[in-house]
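Reading through the structure tokens given below for one structure.
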Amino acid sequence: MRPNRVRQLLASGQPVLNGWLLLPDSLSAELMSHAGFDSLTVDMQHGMIDFQSALSMLTAISTTQTTPLVRVPWLDPGLVMKTLDAGAYGVICPMINSRQQAQQFVAATRYAPTGNRSFGPLRAALYAGDDYALHANDTVLNLAMIETAQALDKIDDILSVEGLDAIYIGPADLSLSMKGKAVHDTMEGDIGDAIRHILARAKAHNVFAGTHTSSTQFALKMLELGFRFVTCCNDTRLIAAGASNAVREMRGGLKQ
Amino acid sequence: MRPNRVRQLLASGQPVLNGWLLLPDSLSAELMSHAGFDSLTVDMQHGMIDFQSALSMLTAISTTQTTPLVRVPWLDPGLVMKTLDAGAYGVICPMINSRQQAQQFVAATRYAPTGNRSFGPLRAALYAGDDYALHANDTVLNLAMIETAQALDKIDDILSVEGLDAIYIGPADLSLSMKGKAVHDTMEGDIGDAIRHILARAKAHNVFAGTHTSSTQFALKMLELGFRFVTCCNDTRLIAAGASNAVREMRGGLKQ
Amino acid sequence: MRPNRVRQLLASGQPVLNGWLLLPDSLSAELMSHAGFDSLTVDMQHGMIDFQSALSMLTAISTTQTTPLVRVPWLDPGLVMKTLDAGAYGVICPMINSRQQAQQFVAATRYAPTGNRSFGPLRAALYAGDDYALHANDTVLNLAMIETAQALDKIDDILSVEGLDAIYIGPADLSLSMKGKAVHDTMEGDIGDAIRHILARAKAHNVFAGTHTSSTQFALKMLELGFRFVTCCNDTRLIAAGASNAVREMRGGLKQ
Amino acid sequence: MRPNRVRQLLASGQPVLNGWLLLPDSLSAELMSHAGFDSLTVDMQHGMIDFQSALSMLTAISTTQTTPLVRVPWLDPGLVMKTLDAGAYGVICPMINSRQQAQQFVAATRYAPTGNRSFGPLRAALYAGDDYALHANDTVLNLAMIETAQALDKIDDILSVEGLDAIYIGPADLSLSMKGKAVHDTMEGDIGDAIRHILARAKAHNVFAGTHTSSTQFALKMLELGFRFVTCCNDTRLIAAGASNAVREMRGGLKQ
Amino acid sequence: MRPNRVRQLLASGQPVLNGWLLLPDSLSAELMSHAGFDSLTVDMQHGMIDFQSALSMLTAISTTQTTPLVRVPWLDPGLVMKTLDAGAYGVICPMINSRQQAQQFVAATRYAPTGNRSFGPLRAALYAGDDYALHANDTVLNLAMIETAQALDKIDDILSVEGLDAIYIGPADLSLSMKGKAVHDTMEGDIGDAIRHILARAKAHNVFAGTHTSSTQFALKMLELGFRFVTCCNDTRLIAAGASNAVREMRGGLKQ
Amino acid sequence: MRPNRVRQLLASGQPVLNGWLLLPDSLSAELMSHAGFDSLTVDMQHGMIDFQSALSMLTAISTTQTTPLVRVPWLDPGLVMKTLDAGAYGVICPMINSRQQAQQFVAATRYAPTGNRSFGPLRAALYAGDDYALHANDTVLNLAMIETAQALDKIDDILSVEGLDAIYIGPADLSLSMKGKAVHDTMEGDIGDAIRHILARAKAHNVFAGTHTSSTQFALKMLELGFRFVTCCNDTRLIAAGASNAVREMRGGLKQ
């Protein structure tokens, strides 16, 4: 089976640089996968992407060495399993708020006896190899999002779930849930304390920790703090900011 | 009929900033159209875009004030007419190399008596208004690409075609045709001379001149030289370069 | 943030005329949004429409002043949130049968502290403006469908849920659930009594009430009765009935 | 091979009622094909429809007894042949203005020895039966559009082309070409004279004549005049007009 | 209403030959439906197929006499109902492990008073006829998958659910759940005993039993054992195995 | 630049085994590319495939070592260039009947100075590498189809065109054109003589020769005769024949 490079990097103590895909388009995904990220996440939650688009994007990422991940929109076991069948090598699940939800999520990513994933790895076997079924449980990653005050409260319950590979902090939703306002890229105040606490507990439980950022500077800072998996940019911001900059430069130049 | 803002800008002596779309995706098109360009061109020639994708992109651009243009893949009158029916307010046609080709192109963008465009402006009338047919001939723009040694030779023949609104220089193809090598963003040597010559002849014929560039700096320089319509960035480069930069910054930061 | 015209009409005591979309096609949606409805609902339950089609339809509606709404297929919080991220200004949720279901639905449409909607308004911010997050809770509408005998029973429990904007009666399902037969456009008998009762209770709770009809005549009658939001026609019936009429007229004319 | 009902109707002297499809959607096509038309034309010229959409629409029409036709965007032999391979039982080609163009069009719809259609009837054989190749030349219809002053001039040249099944008048383009204005549904003045002349010449050459109308009344009138194939309504007008009527009735009712 | 041929075959004691669709493509579905199967199942669980693709495939199957079925990805009542609205004549639901799950599934496939299916049979009525609502409860089939150790334990609880038409054994998942390894096409050992037991209990409860196989030989053996509905081949295996065979024959021939 | 394995095999005297794709689906293309063919051809002529589908299929083939080729529907230079931009490593063009057509086709596949291909290799550069433009003229293959009596007549004119890489015989169309009947897989009679003649002339001109067959047996025979590039199977036949065989075996087994 094709190894999961993200898992290898995590195991060997190296950081994982993840890119984020929100556009429902395979060519954009292919361009992103030529940029050198270790992994790319197809975001089916806030991205404008459904299964058919996700499939074509996973295929496009598969033309390179970048590891394909998916964020599902919700704890929906059928869709977790279906994106794995489509060749995702890891699934990020939003809004894991309790031990029971974490167990249900982990189970959906593992075949028996350690889970209840249904058998039928169609495109997954094309991507991974014919021995997919033998090694999938040790290869595929699950990442539970910690992003609510409720989850913060239950952090040890969640982290102690057998088979959980990693947690992934969503700072915007976490701060929204804690303080009623979504903030990005800050370690100040209560949200900073919460993030440090989650990170410390993850280390204590030997669970990898990742987090979402919106700049390379902050992503580097998060790696320094001990995060092992960081997202530092997404396709829509690159387009929107790049295009605005180009227009600003042009308008500025014209004024002179 | 909704006026063509690009035509208005040209008529009033103001520059037109055009963005370029190569990804077959409506959300990306919508993001680009929020950046402030005067117009956006859906490139059906080198972009990975066919009619159905172009339609959804034209619709997305229509949610803003940005003027929607299309580049067709070839001098195919049926497709020129069909993209106009879909609501394009201008068509750029590649590889116009002779007076006869220029005439055929112009005719495809005009209803009788000045052309032979077939009648049936379906989505165009939704975008433009019910009086589309009355004003389309005076509203819709045609831009003939000058991008071969052959066209350079016949430049006055082409520019004197009745009804031609503008020419659009493709420097990569022009240099490829003249010197066997595609170059970008240069006014040096033979290619620079050729571009200056085409621009001068366009002015002499009272035909607007536009050109393709790949940086805001060079686009500004082209405006200074007298071009009135410049393309300065495209969606795929924004994604590809932005993503590569992000990875480079991260890798660089990690090494320290 | 772009105001929600449906909310404004409701607040100012004016009726809301809603159209219904069942075809998975953006051009048809755009045609409907040029007809003058106050709002259009993309029906992802009984319409043949999934997320990618819904996205292109919401984009098409956004080219006009018509307010875009979505009916989700089921109480699936992930999908409720995703359609809001795609720019829906209101969500109709079928089969709300208990206080707990109504609470779960309302929470999915509101950011903390009043709900648990996850943060990431991608296309929504393009449509609404950059201050979307600040005003979304006061702008976006939720409409809970009352359409079972069970819901009729629990009507006060449901209507007293904090944050519920409106209810929407589905007479076909309600009559099917009460009497084993789906009927349309009638105020006779038990179904009429039930509709009058729901309307009266909604007024008592200061919750707006809407209903589904299949003719303009009956829709007008419902407005007279006190409903504030009425659906009076859908795209598939217009096509199917219009086409049948045309054929009938032709066959009839031929016989003479 | 499944017989071509339109050809049978024409052969037996009965009128053919044709409906027109402009929306790129298979469900809408299926709804239209349940209305009772003898044939439906997928309009790839002014409709917002490309090949992949046309394929799904032809499939949808094939679930009923309605005969599937296609109008191609231009005299493009490759696309004429491809739509036949997709199962179209007839092709309407716009802008046939000379004997040579008519010959090229007819040839594209016939296998050797009477034409040069390339062999490979993939979906066509699923629709028609395994003996498709044996009978296609006698089954599939070609309809050349007469819609310019130029074509009017050459009408006998065009009508005398061996193998031409029918002509189809496009009154909007014909009047646009003759008088500089697109008109519909009129037999007044020069355009009326031209239509009568074309019809008379078609009869003289034993070629079936059809025409495009936009109302059942005018379509019936055209059948009385001797046309054998009439189009009387299209999907977009049904939606647009039906929706506008519904809104008008509602607004009118509210005012009372 | 168009009768359900699979139900008729089951009622008259005849075996049902089912084919399986994993490719998201309508033409492939149409090819399969010309092969002579009694029914075809669009697999939305392990197939790479979402709703929009499923709709186009159901339409393609509808061009023939083959009965269209769908396997949903999970016990999601909204999607069960939506695939029925799209014209599926039967739904297979995976992972039914308890009486309560079986009841919820059956209810989603039946209108009141025997279930809670929501009313709105859009394409279903096109396929089935205008009297769909009257007869759907007696026509549409539900098939609950028995494929876990847990379900084996509760087999009598599940089989005694009122309104359950059939069970469908998934041997791969069943063996995976029982023994930690997915096996196909075997009646040996514990898995063979389990299958025989489920079949015997189904007969005792007068519930039809079907099963999944991967060869015609084993499918025939299962019919001999008393199964009434067997799947014997799928589209992806036909392509993958057929292509590999062709290459092997070519490489072999070249070596000689 | 990624080398063209088909060109390498041809150069080194080894046979090329080509598979054929007619289904507009990327997963099917990916399955085929795992079977071991040297190349796969996306057939945009008789396959039900347009550009957007072709793009997703070329991407899917790119996940493997199989070389991606495209057959365009007609000698349309714009589409020849666009499929190359999408990453095709070779283009097969149907119906090349004269020296002029062969020249126009070859020119469309080559950048200046040897051709007139327009510059803009978007996805091609992702697939091939950043030095695509430098080596494309020596890497990309053009294959002209010889498939009419007219082409047979002009065979030396066509074969002597500078830059033509290969010819590809279409026996069905050739026999249809010569004898009025499409035959497959025969070397008998006139058609056999014609094929032998074309092959001999190709050798004399040092142009590679390929041919279309419908069985591995006949493909092997053609390789023995001296053909260097053979197509031996396609996706639709694998599905159609495989499915029919499965049904036949099942029905046969049931009868016993």
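Labels for the chains are A, B, C, D, E and F, by order of writing; each one numbers its residues from 1.
Definition applied: a residue touches a chain if its C-beta (ideal position, glycine included) is under 8 Å from a C-beta of that chain, and two chains touch if they have at least 3 such contacts.
None of these values were measured; they are calculated from a predicted model.
The chains that touch subunit B as well as subunit F are A, D.
Chain centres were defined as the mean of their Cα atoms; on that basis the chain farthest from subunit E turns out to be B. For subunit A, the chain whose average C-alpha position is most distant is D. Because subunit A and subunit E share one sequence, their contact can be compared position by position; here under half of the interface residue numbers appear on both sides. Look at where the CA atoms of subunit A average out and do the same for subunit B: the two points lie 38 Å apart.
Between subunit C and subunit E the centroid-to-centroid distance comes to 34 Å (mean Cα coordinates, whole Å). With touch defined as above, residues shared between interfaces to two or more other chains in subunit F number as follows: 22, 24, 27, 31, 34, 48, 50, 52, 55, 76, 122-123, 236.
Because contacts link the chains in a way that matches no line, ring, star or complete pattern, their graph is best described as other. By the document's touch criterion, interfaces exist between A-B, A-C, A-E, A-F, B-C, B-D, B-F, C-D, C-E, D-E, D-F, E-F. Those residues of subunit E whose C-beta lies close enough to touch subunit F in the complex are 15, 17, 19, 22-25, 27-28, 31-32, 34-37, 48, 216-217, 219-220, 223, 230, 232-233, 235-244, 246-251, 253-254.
Every residue of subunit A that touches subunit E in the complex is listed here, in rising order: 50-52, 55, 76-79, 81-82, 85-86, 111-113, 116, 118-123, 133.
Contacts from subunit D toward subunit B in the complex involve residues 22, 24, 45-48, 50, 52-53, 72-74, 76, 94-95, 147-148, 170, 172-173, 176-177, 180, 182, 236. Taken together, the subunit B residues at the contact with subunit C in this complex read 26-27, 30-31, 34, 55-56, 59-60, 62-63, 122-123, 126-127.
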